[in-house]
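In the two complexes that follow, chain A is the common piece, with chain B as its partner first and chain C second.
Up next is the complex of A and B:
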């Protein structure tokens, strides 16, 4: 049985493409590359692509360690993706729109992070997890010789890891219009506030990388389904009740 | 639709059909799975061309996710992991061909014989809202019937394939205070 280099290369190159496609719907001040009616769902669809790409890299190399890594990622993905979806729903309910610009506009008086802290935390867990980052990095773990990335070298490795950093940055950038009021702020122009907040969120993600111990996929499964999903649903219920009575 | 729209529509149609054919042509589960994903992504992009923003993106989202879950099933339910080896993607060819042709004929006949509404202008804005209202109002009964059937199917499927049930975890009289799991879960149940 031979390595499937076609699927392997699609997976490795795909991460960066997914990251760039995510950023297209993020508004920076008055500019949005792709001002899409369903921008929130677009972001969600692109982060599901990461499922496919990480697994394909793990599969394509025809290496046992990489394959184990690919399946570790899928196990984590099944646990983090549904809570992440419930977290994404909260700002959409509050803004009554799936358009990212409208979600920003709905925060002109109060940032969503103030009354949706649970959704923000779950969203951040999701971003860190789909970036195979820090506590969710077991599919790239050194205990399985680098896991998914075990067979990657040279430019393949460069592109894969650029894509991995890319999805982390895209996740941090998307938190800004979703929970942190987009470009709103004093003195500076809107686009610079968006960038500044993105850098702050990203710095927090980078900081927690070694602060939280590694999540084992089989343990995090129960955390995701027994804690995060109910918490996310309660948050959505609260937001929906506020919106209905407004 | 504009000329570019027409070209894209037909190109996506060809991609959808060809990658659908590839599902049965290739000899690897991984390639078949992701050929199917490409086919569905092309259909999702079709829906985007028809100005169905939400439906188009949600189709791409669900189908790519589903194919990743398929990769989980590949090793979960297929004994001795033949899924990881090269294998033929067609089984029981004669019956499958008959079923495929009959289904195709039925669906095609349905498309040709349905009296489609003609002449009314397509809604240009608020398509997602209109869809939500249709699902929650005029088509609510269908959704109410569908949901329990789907949930029952999922629960039946899971309970049939379950490796360890509650009697394994909590003992024959279900009185064990803490579940006896080979791998403990994350919240200490």
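Up next is the complex of A and C:
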């Protein structure tokens, strides 16, 4: 009946680590910290880690409210993660590569957002969801006294929320090479275009935070499985047909 | 001024405030919310996140006890203030900010505060439960437990340390140990030193002046004896001397002690030191229906006993009935299993909602049994009977109160912008700015109708039974969304001066369990908020 401090701290600190590891595969101009062959899979693996970390923070604190927050996150995760994976597949099919640099190069003529807007929207929903952000913040909800974060104070709280903002920023940064042509743009150097686009996507995420009411897990479950998964699969099918006939 | 002081002063610029509202503290709480936002501070959701605890209104004894436990859960540096009326809020918060920067006082507080916060489910925050050493079992009641047919076979209790236990005032009367078999247990190297059995009640036995010293009972054979219906009541065995007895290789198998009566025996000042009970065989004894009530074992000396080589194997403790015992390590009840709404076996967790919880009616407590996050049983209670006889106070603040109710529903539904609008509207109404309030109210209503809330709240909390709705005095028999719009309608009516229908707080609270049972916590919170209970609370400082 005692708090599981070890798992609790692993979860709290893990969010920031996952965010930093996500950033490593994002190219800024000619620099990529970790130019991994399967960078896309790496990113996806990191956001599945977030499942574990949020759950561990909810579980480890030995508080009923935090535990309920953990339940809610897992329920939401089941509804957002599969559509997110289908959305990630679309640029990979079009570029015929899992390498993030190759995906950027494939957009030299046309940004992927233009002909795969559905995948971009689903991807954005996924980022907002794994960041426990805005409409997907029910596991940090006021109705359960802050939920997963109910027992966090001091440095634990600082690190957990820094990690939460971190994964949101990483998600916004990764949208740029995936859908927005990476560093391509006029006049300015490539790295600055990457940063500028990241800030714009991030601003949209921040703006939406207070505009849309909370998605209760059972409500979003409908959306995820009945709408987003079929839409994502259709998008992938369309992309695949274009690539085959090219 | 050192770095520490500079940092403390810097950190105190953005204070996190935990608001606790007493049933008469509505006006003060609203003002504290307003001031917190105006100062650029932050309203926190749980004690762990808070720097300042603000108690709004006068807490009754029950709420005050909860507030004390919440206070223990605040991490330092921490400051606690009490505000009874709106005018005290701003000076109180300023004072709190100054006190937060007083580094030395907080260092002292950190040194002197209890290491482990007392466990409470009041706001979901649990301290860590203390360890097992130095357990205090005093006051335990084991009366009436049934240990018949227990099986303890093969247990190894060697190297157990029970030192420092306090068993005083335990009551074992009425226990049934019939058909127990303790053969084969290993109690060697157990340490029972420091145990306190004082005030155990075996009073009435008297074994005085018996002399059993030097007896050799080895190789005695008591098998097959029938002691049933013996009556030892009123015997005096005090000052018996059993030292040096050798009971090794005694065979008591097959004895029948059923229905013996040992009540009223006195074993005080007996000396059993140096006894050798090794290799005794008690298998097959029948102690059922023995009566040991009223025995006095005080000042017995068991030092130097040799229990090594006892055979307790083959004990049967199966079928023990410990129900009715209070199994609550650290005060937290263990989870029981129960079947959830999908027919799955789930742990049942007892959780208390309120009285300190964001957007929760003041002084209200809901005792819930949770399967996962679904409420399977609920019981509502008003602390300190604060809600007795309360109904809508009407008057000047009525419109603002309805807007505050709406803000709570909106905040719980996660519509942060709309909730902020409702709070601004509340402030305008409290200022008496009725003309701007009218247009702002219409605008808010329009935005709510257009928002995704209609979809996200859905058919949540629909009171299908129109008779129940009427009984509750709800303006709308519909769901949470309809009642949210109803709150704004009631606010408009109050602005226009028309009298509203009277709602009875006690009736609403009585109906709460029925309304929330079967809902998950998020839905239950929305349903409770949609009843608009806070607007019913009387506010003795409203009109000063």
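What we mean here is this: the second predicted complex is superposed on the first by the 246 of 246 C-alpha atoms of A that agree within 3 Å, B and C clash if a C-alpha of one lies under 4 Å from a C-alpha of the other, contacts with A are read in each partner's own complex, and residues count from 1 in each chain.
Criterion: a contact is a pair of C-beta atoms (placed from the backbone, for glycine too) under 8 Å apart; a residue touches a chain by one contact, two chains touch by 3 or more.
Remember, it's a predicted structure, so these values are computed and weren't measured experimentally.
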item	value
First (chain B), second (chain C), both or neither touched by A:149	second
First (chain B), second (chain C), both or neither touched by A:68	second
First (chain B), second (chain C), both or neither touched by A:131	neither
Touching partner for A:59 - first (chain B), second (chain C), both, neither	first
First (chain B), second (chain C), both or neither touched by A:222	first
Partner chain in contact with A:198 - chain B first, chain C second, else both or neither	neither
First (chain B), second (chain C), both or neither touched by A:210	second
Which of chain B and chain C A:36 touches, first, second, both or neither	first
Touching partner for A:139 - first (chain B), second (chain C), both, neither	neither
Chain A residues contacted in one complex by chain B, in the other by chain C	1, 71, 216, 218-219
Complex interface listing, chain A residues touching chain C	1-3, 61-66, 68, 71-72, 134-135, 137-138, 141-146, 149-154, 157, 209-216, 218-219
Interface residues, chain A side, partner chain B - complex	1, 4, 6-7, 10, 36-38, 41-42, 44-45, 48-49, 51-52, 55-56, 59-60, 67, 70-71, 74-75, 77-78, 81, 98, 216, 218-223, 226-227
Contacting residues of chain B [partner chain A, same complex]	28, 30-31, 34, 37, 53-54, 57-58, 60-61, 64-65, 67-69, 71-72, 75, 84-86, 127-128, 183-187, 189
Interface residues, chain C side, partner chain A - complex	44-46, 48-49, 75, 121, 123-126, 128-129, 329-330, 332, 334, 349, 351, 357-359, 370, 372-373, 411-417, 420, 451-453, 455-458, 520-523, 525-526
